[in-house]
Structures are given as C-alpha cells and as structure tokens.
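Below, each structure is written out as structure tokens.
In what comes next, subunit A is part of two complexes: it sits with subunit B in the first one and with subunit C in the second one.
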Partner chain A sequence: MSMDIILAQTIVNGLMVGMIYVLMAIGFTMVFGIMRIVNFAHGEFYMVGAFLFAILYGSNEMPFAVSVLLAVGATALLGLVMEWVVFRRFRGNELNGMIASVGVALIIQNSALLMWGASARTVPPVVSGVLSVGGIVFPWSRLVVIIGAIVAVVSLNLLIGYTRIGRAMRAVAQDSEIAQVQGIRVDVIFPAAFVLGVSLAAFAGVLMAPVLSVSPFIGLAPTLKAFVIVVIGGLGSVPGAVVGGLLIGLIESFAGTFVSASLSEILQFLVVIAVVLLRPQGLLGRKEREA
Partner chain B sequence: MKRFELIAVLAASVVCSAAHAEDSVTIGVHASFSGAGAAFAEGMLAATDFATEDANKDGGLDVGGKRYKIQFKQYDDRYRAADAVTAMDRLMIQDGIRFVVGPMGSAAAVATKDQTTSGKVITMTLAFTPRALGADAPFAYRPVITTGEFSDPQVAWLMKSTSAKQVVSLLPNDETGQQIGVANFNSYAKAGTKLQVEYFERERVDFVPILTRILMKADGLELGGNSPTTAGLILKQARELGYRGPVFVTGGDVSAEMLKVAGKDAAEGTYVHLPIDTGLPDTAAYVARFKAKYGQNMNGFSPFFYAGLQMLFTAMKKAGTVDDTTKIAKTLDGLSDVPTAMGKAGWTGEQKYGIKHQIDLPFYVGQIKDGVVTKVATCDVNACK
Partner chain C sequence: MKSPAIKPLHYAGVLVAVALAALLPWFAPNQFYIHLATVGCINLMLVLGLAIIARAGQLSMGHGGFALVGGYVSALLSMKGWPPLLTLFIAGLAAAVIAAALGWIILRLRGVYFVLVAFAFSQIAVLLALDMSSITGGANGLVGVPPISIFGYVLRAKPQFYPFALGCALTTLALTWLLYRSPLGTMMAATAENQRLTESSGIDTHRVQVIAFTIGSGIAGFAGALSTHYLRFISPDSYTFWESVSYLTMLVVGGRDGVLGPVVGVLVLTPLPELLRSTEGLQHIIYGTVLVLCLMFVPNGLASIVQMWRARQRVTTTSATLVAGEVP
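Right after this comes the complex of A and B.
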C-alpha cells in the first residue's frame, strides 16, 4: 500500500469520525449556548437513537427511512420529556444543571441496560461493499456516515440561519432576557433547542449504529469527545463545534494511523490544554463580557 | 439473556441477600455487569444461579449434618480497579461474604488481592493475569483456563496450520491487555512468528486508523484478550478495510458475542479458543439449560464457574464447615477428579504460579464456519492435536 493511498484513507477515516463528533458537539454546544447547561447526558441520547434504530431497522426490518424517522423522533420525544421534567429547572444554573445531567445519563444508561441487556447488538449495513478509487478503498458504510452528517449539518445551518425559530434561538443564545422583551417566547425556544440538540445526537447514533455496534455503554465516549470539542471550538459556538469536531477526528485518525492509538488521545488533550491556555474562549468562541 | 430472566435473577439476588436466613451461605458475584465485559459477568451470574439452585434442591447444602441454604448477591465493578476495591469492601465488610465468584478482570483481581487474602475470602477469578494466583494469595482460585495455559500449544498449532509469519495484535492498554500482550508475544516467538502488539484505550470503538497502519504488512491478526464486543468490532472493521488474512482469537471464549457484533461473513474462518466441548453430555446439558432459561447462547466461561462452585461445595461438605475458609481452602486444594459439568476436574499450576489453584481441564481450538464454531483441535498444556 503506497503512502498516497494510506494518506487518503486516513483523511476519509478522520472525516467520518470527525463528522460524527461534529453532530454530537453541535447539539452539546447548542444546549449550552441557549440553556447554559453542560449536558453530560447528551451521549445517552446518541445511545438511545442507535438502539431504537437497531430495533426498528435491524430486528424488525422496517424500511430504512421510516426507522431513521421513528428512532430520531422517539429520542427527540424522550429529550422533550427530560427537558420538561429535569432540565428546565436548571436553565442558567450551570453547576447544578451539569450534576443533574450526570444523573439523567446514569438513569438512561441503566434503564437501557435493564430493557435491552448488556450484550452488544449489531445492525445490518445500510450499504455494503467498498468504493475503490485508484487503489484507495473506502467502505461505503463510512461514506454514508459522512454524507448523512454533512446533510444534517447543512440543514441545521439553514434552520438556524434562515428560519424564524433559528433566528429566535440565536437571539436567546445572545441574551435571553432581551430576547423575551422583544417578544420571543423563550419557554418555547429552550425546549426546542434541547430537542434539536437531542435529535442531532440521536441521528449521529443512527448513522454510527451500522458501522459500530450498539450497547447501553456507547454514549460515554462521544459525550467526552463532544465536551473536548466544544472546549476547543468555543462553548456555545456552532462553527466552533464543526472546526473542533473535524480537528479531533483528523488528529485521531492521523495519530492512530501513523503513530499509536495512545498518542492520539494524548495529542487531543494537548490541543485542549493549548487552547485553554492560549485562547480560553475556544477557537471560534466569544469572550464572556465582564460585569 | 432474556430481559425478564435477567431482571428475575437480579431481583432474586437482592431478595436472597435481604432475607438472610440463619443457616445460609451467601456467594458474592463480583464482576463487571456494566461495560464491555458484561457478557462475561452474565455468564458468571448464571453459573452461580444454577449452582445455588442445584445445591438448594434437597433443602440446601448438607454440611456436617446441617442443611445450608445457598444464596447469592451481585456486585458491579464496572470493569474498573477502583470500583472493584469498593465493591469488594461492600461485599466483605458490609455483607460479610466469604465466598466470591470473581473478581472478573485482571486489574480488579490484582487490586483486590490483598483485601481478599487478609480477609481469608475464597475467590474464583476470571482474571487472566498470572498475578491473580500465587503463594501470596492462598484463597484465590481460577476455575477457567487462561492464556498462560492455552497460548503456547494453540499458537504453535495455529502457526503450523496457517503458515502466518507476521501477526499483529490489538489489545486494551491496561493490566489485562498488557499481561496478555506479553504472553502472546512469547508464545508467537516460540512458534517462530513475529507478533507486533498494538495497545489502545479500552473505550475505543473505531479501530480503522490503527488497522490501516498495522494491517499493511501483516499476514495474520490476533484478537485474543479483547472483550467479545471489541473483538467483534475490530474483526468487522478489518474486513471492511479489505483484510482477508487469517484471524486468531486465542484468548477467552468470545465466539457467540463476537459473531453477533462482526456478523457471520466477517467472522468466517476465524480461529477461536474453544473452552468447552459440547460433545460431553454434562457440558451439553449445561448449554441447553442456559439456553432454555436465558434464551440465548451462553458465554463459554459460564460452565467453568459452575464447575468451580461444584468443587467449592464439595470442599465445604468434605471440610464439614461453611465458616472456616482456611479449612475449606485446604480441602479444596486436595480435590482431584471431581465430577463437574466439564468432566473430571482438579487443580494444577504449582510449577507456573507456585500454587495448585489453576483448574485442570482439557481445552480446544475451534474455527467459525458458516456462523458455527467447529472443534478443529483438542489440547492440553503441552500440545494441540
């Protein structure tokens, strides 16, 4: 295998992992930006989305599109319930909200363990085979993840940039009180933002389910990655989440391919430390205004 | 495992421990019920469930003319050494348990060794590390056959059968992985094959970057020592990258779970360590019993723990006590040719570990063919045929 081929494969691997991280981090950072809650239960919605997709598409052999819609929709509904029951009480209360989110994560994870068992399950590939271009082999399953994630990110960008609710979300993220004075119904925007974030996590879970495997424990790693990414990109910054996600995905892929897996973890956290020291607000984040 | 069955077993364990009868013995199941190794833990729990059910059949275990009801309680170490110590403290101090099925992982076994030794708690560990057994741990037993026993003969047979010359291995970067890495490296070296060992963080699920590099020059992939889920994921991703060479899983019984994760096509032709021979009537009966109760294929370690508990109960009866663990351990040490679900079992390992606390049973090499594991060789610690 020549160096060109390895390089191309490494980039594709990094983009795939990076795009999943982007989906996770966008939801994570949106919830923080709008509700000021560091949601450590975010990865559990990824897990629930993946599980529901595994049940619908894998076990019940429902059509792919229907399975995706039902899995993401049901997870979004769970998110709505969680927002209503738990998170709405912690809006703006960062520390208590974070602790509550850890509790919600444990409840969801252990509920999944009781309902679906500890054994990992697999989902049949949505597409199989490889795309071979000039000797470079790209598994179709991974290309589908990249395409799906790009579609989700572009759709989200359009939603936030060009729709009424998107503009309202941006206004609430900037200053919820002023937004309320301007007639924006923040009581609608908060749950809407939370559900949107949860839906992105669920969609990431759906995309990754056929590539990896599904078990009640798959949520923790993406949550930690999302946290690292939003620290790099800037808490509350959607473009920052995109840049951070791709950066971490590519670091992971390049370090894993050319050096060692352990070094890839070290490198990621070195980047985090460097960003926190040199640009505490993150690569694309804004400085908090001092009172 | 059927969900309601698992919940019933969990509930039973809680109820059993709550209703602590006067003439009763509680077995603690100390394992990783959450995390990547949960399939092993479920196998250990099921073995304890069956063994206690059998012991209680005629009104309890007859020890010294008195009937003791056997019950069990589970403790989750979440596959982490620190949590293993906490769980063992709860088990020993809070609940006063003196007999343990577990610890499960090597890190957990090493971390809790001093606790269980000073508390004279008899343990039946799944830990593959050689440090789990020794003269300094007179109450620690291992009812499963580990890499230390099966690695050399299996690898020698596999290298002869496949002619692989450059094999790569992926292992988690912790106590378990590193011990297995060293053992595998030595076994491959003895067989004249170079083994390159690559370590990764246990939480990792995407192995493609590492595989892209390490499979470039390899003509064999060794996955022994990984949890069933991880082995399945690596195998699936290696095949997706176009790797068509032989795959060896020389550590642990991961076949059922690995097949589920990797899929039948990706797993085709994979050589696996086969701990049990379902051709033996008692073993086949155990497998059928597991399937009937839990509705799924069992992890291959499960009957070993059942056999270990059979030996423990035999020792209790012979020693005439359920309280004096020193006397029970001494009696257990002297047992040989005990009829178990796996055939007649005894203890070995004095030369290797300095103490005869390693179960002595034959083992096998299997190959996955069309989604089914077929026995292709029978082994003892000296050779596979």
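Right after this comes the complex of A and C.
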C-alpha cells in the first residue's frame, strides 16, 4: 500500500472513531449541563444500544431501519426509567448524583452480562463495497458511521437551536430556577434532556456495532473518551465536544497506525493536562459562571 | 463536624473492638477468615485514604490507580533486593508525589473536572502497566513478589501477615482520627462545607485540597503495596476502575463523616462478595443496588444511623429530666 492510501484511511478511521466520541461526548455534556449529573453510566447505554442492535439486526435479521429505531427507542426507555427511579432524586447534587450513576453503571453492565453472556458478538456489515476517489478507496461501512453521526449532530443542533423544547433546555441549563419562574416545566425538561443524551449514546453504539464487536464490557472506554473530550472541549460546550472528539479520534488513529495504541492514550492524557494548565475552561468552553 | 468529648465508655468500646480484631487468629474456624480479615484491613486503609480526600470536599474516582502505582513500585524495588519493609513506604511516597503533582494542576478546577481527570489517570496507570511489559510483565503481571520480613522474621503465612496488616490499618485509623482533630482537619472540613467562605477567611483551599489528595493517595499507594506483598502478585487487573468503585461504595455505605464510617463500610462490604459468591453474576448487581439505595435513603451512611439514634436518645432523656424536674 502506498503512503497516501494509508494516510487517507487513517484519516477516515480517525474521523469515524472521532464522530462516535463526539456523539458520546455531546450526550454526556448535555446531561451534565442541564441536570448537573456526571453520568458514569453513559457508556452503558452505548453498550445496551449496540447489544440490542446486534440482537435485532444480527441475530433476528430484522430490517435495518426497524432495528435502529427499536434499539435506540428501547435504550431511551431504559434511560427514562433510570431517570425516574434514580437520577431524578439527585438533581443539583453533583457528588451524590455521580456516585449513584456509578451504581447504575454496575447494575446495567452486570445485568447485560447475566442476560447476554460475556462472549463478544459480531454484527454483519450494513453496507459493503468501497467508495473510490482518485485511486484512494474508502470502505462504505466506515463512511456510513461518519455520515450517520454527522446527521445526528446536525439534527441535534437544529433541535437545540431552533425549537421550543431546545430553547427551554438552554434556559434550564443556564439557570433552572429562573427558567421555572418563566413558566418552563423543568420536570419535563430534565427527563427529556436525559433521554436525548442516552439516545445519542445508544445511536453511537448502534453505529459502531457492525464495525467493532459487541460485549457487555464495551461501555467503559467510550465513557472515558467522553470525559477526556469534555475536559478538552469545555464542559457544556457542543462545538467544543465536536472539536475535542475529532481531535481525540485523529490522535488515536494516527498514533495507532504509526506508533502504538497505548502511546495515543498517554498522548491524549497529556493533551488534557496541557489544556487544564493553559486553558482551563476548555478549547471552546466559556468560563464557569461564579455561582 | 462536632467532636463530642470522649467518654470512658467509648474508650472501652474501642479497646474491646481492637482486642477482638487482634485475637481473631485464635478463634477463627479456618484460615479463610484470617484472609478475609487481612483483606478487610487493606480495604480499610484504602477507604480511609478516600475518606480523607472526601473530607476536603473532593471525590477520587482514580483511587485504584494510586494503589496500582504503589503495588508496582514496591514489587519492582523489592524484587531487585530492596527490603520490602522499606519499599512499602517508598510506594506510598511515590503515589503521594504523583498525586501532589496531578492535584496541583487539576484541583485548580471545579470538582467535576477533578473527578474526570483522576479517573483518566487511573485508566492510564492500567494501560501503562499493560504496555511496559519489559518492566511490568504486561498482562501477566509480576509473580513471586518477595514477602515482607521484619528483622529476619518472614511474614509468609496468613496468620503471620494478619497482625502486621492489622497494625498498619489501626495506625492509619489513629492517624486519620488525629488528622481530623488537627487544625488542618478543620480546614479540610471547612473547605468541603463552603469553599468560598473558607477562602475568604484566609485559608488557601487549593492547598488544603492538594494536601488531602496527596495524603489520601499516599495511603492508597502504601495499601496497594501491602496487598501486593500479601498476595505476592500484582497485575494490571489488580486495581481497575471497579476496585475504585468498590472503595467508594464502602465509603458511601459506611458514611463519609468521621472515622467510624469507613470502618462500618469495610466491615459490612468486605465479606459481602463472599456471602454472595453462590449467586454468581448477581453479586455486582446487588452491590450497585446497595450503593444506589444507600444514597437515596441513608445518604450519610450506616454510621449516621447510630448517631441519629444516639441523638434521639439524648433528646428523650433530657426531656424526661425536664418533665421530672417540673413535677413537684
């Protein structure tokens, strides 16, 4: 293989992984921005989404669109139940909410282990073939992930920027008490934001399932990535999550191809430390308001 | 937190508890109980370390990472021929130095960032242990770590190791208790209570939190090393994220205030996995459920139930005397 093919494929891989991280980080940062809960269980919803898709599409051979809808919908429902049973009680209590989310992660991960077993499953590819541009080939299976993720991010941005509920969410994120005084139903916005964040994680899991294999343990790694990205991009900032996610994805892909995978992890950690030292509010984040 | 005057009865209670713990090897039905008690001692040290960090208002999700660093440092040095009794302390020091550097950088930020970066650090520690296989043995870990020897007396068997572990745990407990009553302990509690108010009264809260993080993580490094010399083995799997979670669970279930909480948490949760072993995969689900339920219904931990009960008793006795005094 010539150099530019390797280079192009490394970039495509980096963008693919990066976009998945972007989806994870946006959901994570949204839940934090609105509910003030650091959700350690975020990656478990990614895992559940991927697993449901693997079962529906891979094992039961249901149509693709139906599988996606059912997998994301069922995970969103699980998120709604978790919000209702657990997270609702810890709104605004950052420390206890975070610890509770760890408990939820334990419960979800080990329930999946009990139900579906520890062995990894593979999902048949959704599309096959390659896209050839100027002699460089890109596998469609990876391009689909990138396109799907872009569609999700753009529609989320439209939802947050231009709809009533999106405006209400932004208001609650800024100041939930004032928002409530203005007549925004905070008790609807909280679960809505949580379910939206969880759905993004589940969608990321669905997109990744055909590319990677699926097991009950795949949730922790993307959670860690979401944390790293959120610190780099700025907590609560969606553009920051996009930039941070793509940056981390490309670092991972390039370091993984040309040096070693663990070096990329260390490199990412150093980026985090550098950002914290030089620009504590994150690359695109605003300074935390002094509350 | 108020520290009420110590009554002779408390002294007696503590003495009886310590004596019971020390006499365990004589009345334990078999070695397994001694093993469990040793693990409990090591857990207690780790949870106390976490409690000290929590005392200053922070939460470390990377506690296992520091135990891992300590374990590897002590294992590698002692395998080179250094006396394990010395390397235990070097391990604690190494973890403390890393924590001080990391804490100085990240504790300038608000709480959540600290949690995220400490968590990322523990993952990096695991990855490094996996990757630097020429030094750390990779995924296989280090086998045949030398046992601790005190003046030629080698602590190889379980009944020999247990008193040493108990001694370490009790010393940590006593030092933590003294720390909580010292001016620094007061500053830590004040920082947790209201960081701004504390800062406005002239206390450098950043420094207080860095010191708490350094002490707590140093204890974790020491305890990780102790466990490594006990099991004579360490691998990247020895301290993963889920170990950090279990220490956190012990702290939350037991209670975050005072030194009684960690003791209660360790006593309740160390034997739990063994009791639940027959239920196989369910044990982690039960662990998670206990954690969530505890946060919902006894957010100050099981130790707070005792305090609540005691406070209520005090109220009833005082009102009883009042009534008795009023009646002529």
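The rule is short, and it goes like this: the second predicted complex is superposed on the first by the 287 of 291 C-alpha atoms of A that agree within 3 Å, B and C clash if a C-alpha of one lies under 4 Å from a C-alpha of the other, contacts with A are read in each partner's own complex, and residues count from 1 in each chain.
What we mean here is this: contacts are C-beta pairs under 8 Å (C-beta built on N, C-alpha and C of every residue); 3 or more make two chains touch, one makes a residue touch a chain.
Note that this is a predicted model, so its numbers are computed, not measured.
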Superpose on subunit A as described above, then tell me if subunit B and subunit C fit or clash. clash
One more residue to check, A:Val66. First (subunit B), second (subunit C), both or neither? neither
Just to be sure I read the superposition right, which of the two partners does A:Val151 touch: subunit B = first, subunit C = second, or both, or neither? neither
Which partner does A:Val104 reach: the first (subunit B), the second (subunit C), both, or neither? second
Which partner chains sit in contact with A:Leu159 here, subunit B, subunit C, both or neither? Use first/second/both/neither. neither
Just to be sure I read the superposition right, which of the two partners does A:Val130 touch: subunit B = first, subunit C = second, or both, or neither? first
Does subunit B (first) or subunit C (second) touch A:Val276, or do both, or does neither? second
Give one of first, second, both or neither to describe whether A:Ser260 is in contact with subunit B, with subunit C, with both, or with none. both
So, does A:Leu220 touch the first partner subunit B, the second partner subunit C, both, or neither? both
In the superposed arrangement, which partner chain does A:Ser141 touch: subunit B (first), subunit C (second), both, or neither? first
Superposition clash, subunit B against subunit C - the stretch among 150-158, 168-176, 276-284 or 330-338 that is involved: 168-176
Which subunit A residues lie in the overlap of the subunit B contact set and the subunit C contact set? 109-110, 113-114, 220, 260, 262, 265
Residues on subunit A engaged by subunit B in the complex (per definition of touch): 1, 6, 9-10, 13-14, 17, 109-110, 113-122, 124, 130, 137, 139, 141-142, 212-213, 215-218, 220-221, 252-258, 260-262, 264-265
Quick check: in the complex, which residue numbers of subunit A touch subunit C? 32, 38, 40, 86, 89-90, 94-96, 98-100, 102-107, 109-111, 113-114, 220, 224, 227-228, 230-231, 235, 260, 262, 265-266, 269, 272-273, 276-277, 280, 288
Quick check: in the complex, which residue numbers of subunit C touch subunit A? 59, 61, 105-106, 108-113, 115-117, 119-121, 123-124, 127-128, 130-131, 241-242, 245, 248-249, 252, 281-282, 284-285, 287-289, 291-292, 295-296, 299
Help me check something: in the complex, which residues belonging to subunit B touch subunit A? 1, 3, 6-7, 33-36, 38-39, 41-42, 173, 198-201, 203-206, 208-210, 212-213, 216, 228-229, 232-233, 236, 240-242, 257, 260-263, 296
